[in-house]
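Next up, some structures in structure tokens.
Note that subunit A is present in both complexes that follow, paired respectively with subunit B and with subunit C.
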Partner chain A sequence: MLRHAGRTIAQYGLVVAAIVVLNFALPRLAPGDAVDYLIPPEQAGTLTVEQRDRILSQYGLDEPVPVQFERYVSGLVTGDLQSSIRYGQPVVDVIGERIGWTVLLVGGAVMLAMLIGTLLGFRSAWRRGRRSDVGTLSGVMLVDSMPPFFVGMLLILVFSVALGWFPVFGALPGTEIAGLSAIGEILQRLVLPLVTLTLAAIGPIYLVARSALVSELREDYVLMARAKGLVGRAVRRHAQRNALMPVVTIGLLEVGALVGGAAVVETVFSYPGLGRLIYESVLARDYPVLQGVFLLLAIGVILANLIGDLLYPLLDPRVRRPPAAAA
Partner chain B sequence: MSAGGIAVQLGLGRLRGQVSPAGRRLAAVGAGLLGVLFLLALLAPLIAPGDPSAPAGIAYQAPSAEYLLGTDDVGHDLFAMLVHGARVSLTIGVLSALVATVIGLGVALAAGWFRGRVESVLMRIVDLALSLPFLVLVIVLAAFFGRGLVTTVLVIAAVLWARPARVLRSQVIKVREFQHVVAARGIGASPLRLIFRHILPRVAPLGVAQFVRSATIAVLIESSLAFLGLGDPSRVSWGNILFFANQRSAFITDAWLWWVLPPGLALTAAILGFAFVGYAVEEWSDPRLGATPRRRARTGRPARPEAADDIEQAPGTVLDVRDLVVEYGPPATAIRAVDGVSFTVAPGSIVGLVGESGSGKSTTAMALLRLLPPGARVVQGAMLFDGRDLRALPPSAMTALRGRGVSLIPQSAMNALNPAYTVRRQVAEAAALLPRTAAAADARARELLEFVGIPSARQDAYPHELSGGMRQRVVIAMAIANEPHLIVADEPVTGLDVVTQVRILRLLAEVQERWGAAIVLVSHDLPLVSRVANELVVMHEGRIVEAGPAAAVTERPEHAHTRALLAPLAVQEGLA
Partner chain C sequence: MLRSRLVPRSVLAGLALAAALFMPAAGAQEPEQPRTVRIAISGYENNITPFNVSFGAFPVTHDLMHLVYDSLFWSQAKLEPEPWLAERATPNEDFTEWTVELRPGVRWHDGEPFTAEDVAFSFDYYERFPELSGRYAHHVFDVPPLEDAEVIDPQTVRLTFRQPAPQFPIMPGADLPIIPEHIWSEIEDPGTVDEELPIGTGPFKVTEIEPDQRYVMEANPQYFKGRPLVDRIEMPIVEDPSSAFQALRAGEIDQVARNLPPELVNQFADASGLEVLEGTRFESTQLYFNARRAPWSDPAVRKAISLAIDSQQLVDQVLLGQGREGNDGFIHPDSPWAGENNGHESDPQRAERMLEEAGYNAGSDGIRRDERGRPLSLEVLISSFDPLGLRAVEQVARQVRRIGVEVVPVALDPATLRDRRQAPEGEAPTYDAYLSTLETHAHADPDSLYYFFHSPGEKGFGAAITGWSNARFDELSERATAQPPQQRQALFDQMQSILAEEAPVVVLWYPDGNYAYRPAAYEGWISDPGHGIFTKRSFLPAYADTGAASTVEDVGESSVWPWVVVGLVALVVLGGIVAVRRRRTEDPEEDWGG
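Entry: the complex of A and B
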């Protein structure tokens, strides 16, 4: 068990290292001069050759690549991700201001989607082939086929413009607020982006939950549970306990897709998280921030996968206690 | 033949390379949606001539004969933009999927052909690519590498190739070991020839499935990029229309009705179309999907037969089966698995129900518990147990009887235990039905497990930690937990080694002695069953061909089929 965990963590460490290398290589592989990625575009066009060279040496970009890489990695270790072109602040600080909103949004959406997706999926599996199953399945496939930004725009149209229930801009009201009313305001602004992101994540979770339970229902132990006299909920518990394992795995894998979804959804709702920061950085050509956010999100997704891998043995005794250890 | 085997043979399942009716319906709808959209894209210059990005009229016009979808805030013809947008969205979607599939196929062939170090390095890269947040990566790549059409296609392909690579590689490895490919390799055929003649044709169907799946995601990614303003600025696409709608607050007026809805619905239709077609293609390319019957045969809930008041159970029997008929499949083409079977079981006796695969013995056994697989039903006869016809019992009464009156030791007991719970918990669960307190049920479970030969040290084991024989003992403990009058044991020793088979049969005989339960012992192994059975019932093709006291049947078999089933014993005795 511990050896399994150790090996898993080592494998993920390798993936993180590869992401760091990729992040280092990207601006160097991209077309054009490195200077174009370091200073605001409107200034870059007017520079003389000497000015360009000065900027390059200022950032250490005239040194050999291994030296640059070493400096890059030691910078990462000390939390130095260069400075934002747009804000002039360290990238770490810019990210720090935004990250909480995205954690709230993505974390909430993953949990909601797993809860609703699993409930719907299990319900469909028990009624497979019947009208309510086919109806739910079609509905989920339809929602899953709608781009999240389109869903977000529709929700704004209905709930903000037509009904006026929710504000559509940002995460906080413009005025100073405190205490309970602050929580109310924050929740009110969270609802629509959260619903949008949850809808974007439900599809795969629902499908996995449904097919996992359908295949568990064909297992002999379910027949045996009925044969030994169990009914209703007791039989259900047997099958669902096992069908839950792949659901947890897919749910944590969904974090990767949701982080991308957040970039789009936060843009629709002007929600001040990392996704919106990506969008703003692209428009402002703020490449250091873009790289920093990518690095952080990639590592966050890897961590979610790692948690899934470490959690799985707790759910499945066959992995937790392999037969060799028990004999 | 097992009941499931019959269902598959009847075609309730699906044969290799076929698509289920549901899959075919989905494919038709999907192809229809895609057909309309591709036609729109193809005919765009005819339907809406002129440059869609040039302002055509006055801003914010409502739909009219001239502008079918009205105009946006600067007077663009929204219908023209929608039609031309189809070209960009679909072209990028299809091209990126194509590039991604080709790259994935190349990687899969290299990894699957060379194996060894090449494979492990390639698959590490695949794992890495799969674990990255793909949409964020696309955005970053697009930001660095630019927004032209070709760049966008390459960028999207760069994040999509890994899934096809992983799926196709396993197929390449499988095909590589096919007999004729191994043979061709043996006679020194060149790798290129092997790959093109033998491997590619067999990998192609899965490749098509992966292409369609990639196209589904590619359309979504392209629209997301365009929506974030990262698309080709000189071309109109659906995502790009929505980008402007969002930026310029299309919500203020009613313009959203023709500004936001049409491109959004077009995108949804394209993604849905690809997803539907993809589902069918995947079913067609992968024989494992949908290979087992999914839905109940559409026979509806059969009317419960009238309680057979006029039939009296034969005196001195615990079970009296009369003229039982079980059919599989829809009524018109039904196949009779059990055709007029009658036999009785005396209290506390062991009746061996023997026959080869497909003789209907297992179907008879499952009919007794009313646990027949989907598509099978009792159409005639009575099963009298304790004076009541099991066939006519209401479902709740039948449930109440299971485990307490009649219990089951199922076929392939290896899988009859839930892998997620300890064996003691599973036995206690059965014991708790009587009803007992949790502590009493647990004590009862310990006692039962001890009786069947699971020492207390192993009672907290999970099923996978026990040997096949031990698991079979646990299942027996579950079956006797509530002292049923009748135990139906369906091939209880199949798959175990000979020594264990004898031990388990001895245990069943002990169960019968100690609790006085009658046992219907279903097996294909007549010599083995005859060691413990009091009576034997021999079945062949759904009918009973011979029945009587065990000694009489084994010593003076009258039917040729019985003699055939006995042959192994004769051989063994001849050797002894």
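Entry: the complex of A and C
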């Protein structure tokens, strides 16, 4: 068991090291640099080579790549993520201002999508081939194939413009609102982006839940249970528990994908999350912010995987077998 | 089974409850409350100082900053700008020295008095950090180059330039934001955003900054041009244009500080509770050739392409009529420097003859070849954020194909596009042409023709823009820089004729500015040439429109977009009803073993 844990930690360590390197290299491989962004296009020509170098040196971008890499790695160790080029603030502050909104939006969407997707998926599997299964399946596929910005715009047109129930943009309550009504307004502003992102995330979870339960229902133990005279819920309960494993896996994997994938939804609803920050920073070639966010994301995905690894034994006793017995 | 049916119902009930709870209370505003106007801007500008604005709200960045700061004169779009922080400015005989007398009694937002020290300090500071405020500082170190800023007395400052600066009141006088010495003298790294709110002399003080979310400004009650008519401006940052205009329709904001897309103009002009006001920002969209790369280095090829382009057709089909055709002399027709408007010459037959005479003969595919057999195939780089530009170039491709030239549009993200435009020093860039959009500053600055088209040298953009070079143009533009307006205008006309003949650039169109707002929140908006309606004068008692605002005439056909949406919503609703009915007819107990 201990040896197994050691190997897992070593694997994760290797993954982190690879991420740290990619994190540094990828943004710099994109054509253009921060000066292209900092100086408006028609003014860029006024810069002499020396002035351009002076700007680059302000951000340490004129140094040779190995020196930049060394500073980046030592910064990671000491927790100094440098300053954003686009925002002129420390990267930690830039991320700090937005991470709460992302947790609220993406966390909420993942949980809702897991809940709804699993319920629908299990229901479909149980009624496989019936009209309600086909209906749900095609409904989910339809929603899944619609791009999130389109769903978002539709929701805005119906619920904001036509009905006036929810605001079109923003996360913060009005400036004069405080206390409980501020929380109410934050929730109100959360609804449309949350629904949009949930709809975007539900597809894969639904499909996995559905196919997992379908294959569980074909297992011998289900046949055995039926043979013993068990019907309906009793059978379903046994099978569903076993079908949860792949659902948890896909749900946790979606967390990482959704933080970045939320960029479109965050842009449509002007929501100040990390997705939009990534998008803005890519446009600005804001290397320090990109490094910071990607690192955070990578750590998040690794943590999600770790949580998955810890959850599986609780869901499925078969995973609890010591590795020696598995061999 | 029973449970699984209950779940969706309870979810529905919960949603309905939530919706009811969160329904905004209507008519909550009392008449005594301070007058707040909510204006959506398109991007975050850090803390709105000249050194760290990111031009995210382009093209309104300049007007946004000038809500907080003032310049000596206002505005640059006028031939004779109005004295603003200055009371008057007097030149010496050869315009190398300007003595500026300042308006007395002006205070900074923090209560400190504004003096000549601040003005002298501002000029020195811009000169000290040229690279950090390139947009502004180059009017201090470049044209005209500052030699000295000297304080004569607390209300008078003398600015000396190394060359005659007859246009000083316009540039930099009506452009450069004056910054407070008592704040900035201690700042050594002006690009860094610290927590402090910007301090200016302008009509509004910034009271809240939420990165990527919003700015809040409050009226400066002691403003020297009179207390602004609006007490508070809330400026949410809404990047997505369709979200911004939907929010305006939904009544969540009162103005969108960007141009209405052509397809929305009629819809918004007809909408109840909304007004549309026309006001040009001197915007232009143009095609720049890389004049250092064959065959685009041949003026005959460039001019032939220009002649093959039907600018009016682009305006009609892409801008849906909401714009004006290009001017081969580049300058916006409403700019004080436009002079005699040459318009755009469209003559495909002449274009073919020119190419014929220059020896570009068509190959078997109908595309002309140069003497080395290379096809005339023009790759045009376009920002992927410019859907109208992309459509325009596709249209241009069709027009130019008729004279045997191929045009290939390439959409790139802005940073990649800028990278492609550059080349190591001494080498020619490798692009063929690119599309760009400019605003007021490029058409109102009396030296813009110098900046954009003078050959590469110590000053100006030169090769960075087109790489085009013309000795006669250089000579005229150098002379113009030192001339007072009348003489300058005559030189400008000659310069524009050279541009029209050599076509280093083809202006595709000048879009109309159409700005939508809710008159119920504020109806004082004015259309200020060169600024549109989002500009400080719209809020000042001496300038704001206190009568009724005029609306845009109804032109063209109405858009189909709302009907598409209605159709889709109907489809979804219909689908939902069918699904529900089907579920009802299903036997709930029919499932496996149930």
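Definition applied: the second predicted complex is superposed on the first by the 265 of 327 C-alpha atoms of A that agree within 3 Å, B and C clash if a C-alpha of one lies under 4 Å from a C-alpha of the other, contacts with A are read in each partner's own complex, and residues count from 1 in each chain.
Here, a residue touches a chain if its C-beta (ideal position, glycine included) is under 8 Å from a C-beta of that chain, and two chains touch if they have at least 3 such contacts.
These numbers were taken from a predicted model, which means no experiment stands behind them.
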item: Touched partner set for A:26, first subunit B, second subunit C, both or neither; value: first
item: Contacts of A:191 with subunit B and subunit C, given as first, second, both or neither; value: second
item: Partner chain(s) touched by A:301 [first = subunit B, second = subunit C, both, neither]; value: first
item: Partner chain in contact with A:147 - subunit B first, subunit C second, else both or neither; value: first
item: Contacts of A:218 with subunit B and subunit C, given as first, second, both or neither; value: first
item: Touched partner set for A:261, first subunit B, second subunit C, both or neither; value: first
item: On subunit A, positions contacted by subunit B and by subunit C; value: 30-31, 37, 149, 153-154, 156-157, 161, 226, 230-231, 267-268, 282-283, 285
item: Residues of subunit A defined as touching subunit B within the complex; value: 14-15, 18-19, 26-27, 29-31, 37, 128-129, 141-142, 144-150, 153-154, 156-157, 161, 214, 218-221, 223-231, 234, 238, 241-242, 256-257, 259-261, 263-264, 267-268, 278-279, 281-283, 285, 287, 290-291, 293-294, 297-298, 301-302, 305, 315-318, 321, 323, 326-327
item: Residues of subunit C defined as touching subunit A within the complex; value: 1, 4, 7, 11, 18-19, 21-24, 40, 44, 46, 52, 54-55, 58, 130-132, 134-135, 138, 142, 189, 191-193, 208, 210-214, 216, 234, 236-240, 242-244, 246-247, 249-252, 413-416, 418-420, 422, 425, 436, 438, 442, 451-452, 460-465, 565, 568-569, 572, 575, 579, 582-583, 586, 590-594
item: In the complex with subunit C, residue positions of subunit A that touch it; value: 30-33, 36-47, 49, 51-52, 54-55, 58, 83, 86-89, 94, 97-98, 116, 119, 123, 126-127, 130-132, 135, 139, 149, 153-154, 156-158, 160-161, 164-172, 174-175, 184, 187-188, 191, 226, 230-233, 235, 267-270, 272, 276-277, 280, 282-285
item: Contacting residues of subunit B [partner subunit A, same complex]; value: 124, 127-128, 131-141, 143-146, 220, 223-224, 227-230, 239, 242, 245-246, 251, 256, 260, 264, 267-268, 271-272, 275, 292, 294-296, 369, 371, 399-400, 402-404, 407-408, 410-413, 415-421, 429-430, 433, 461-462, 464-465, 475, 478-479, 481-482
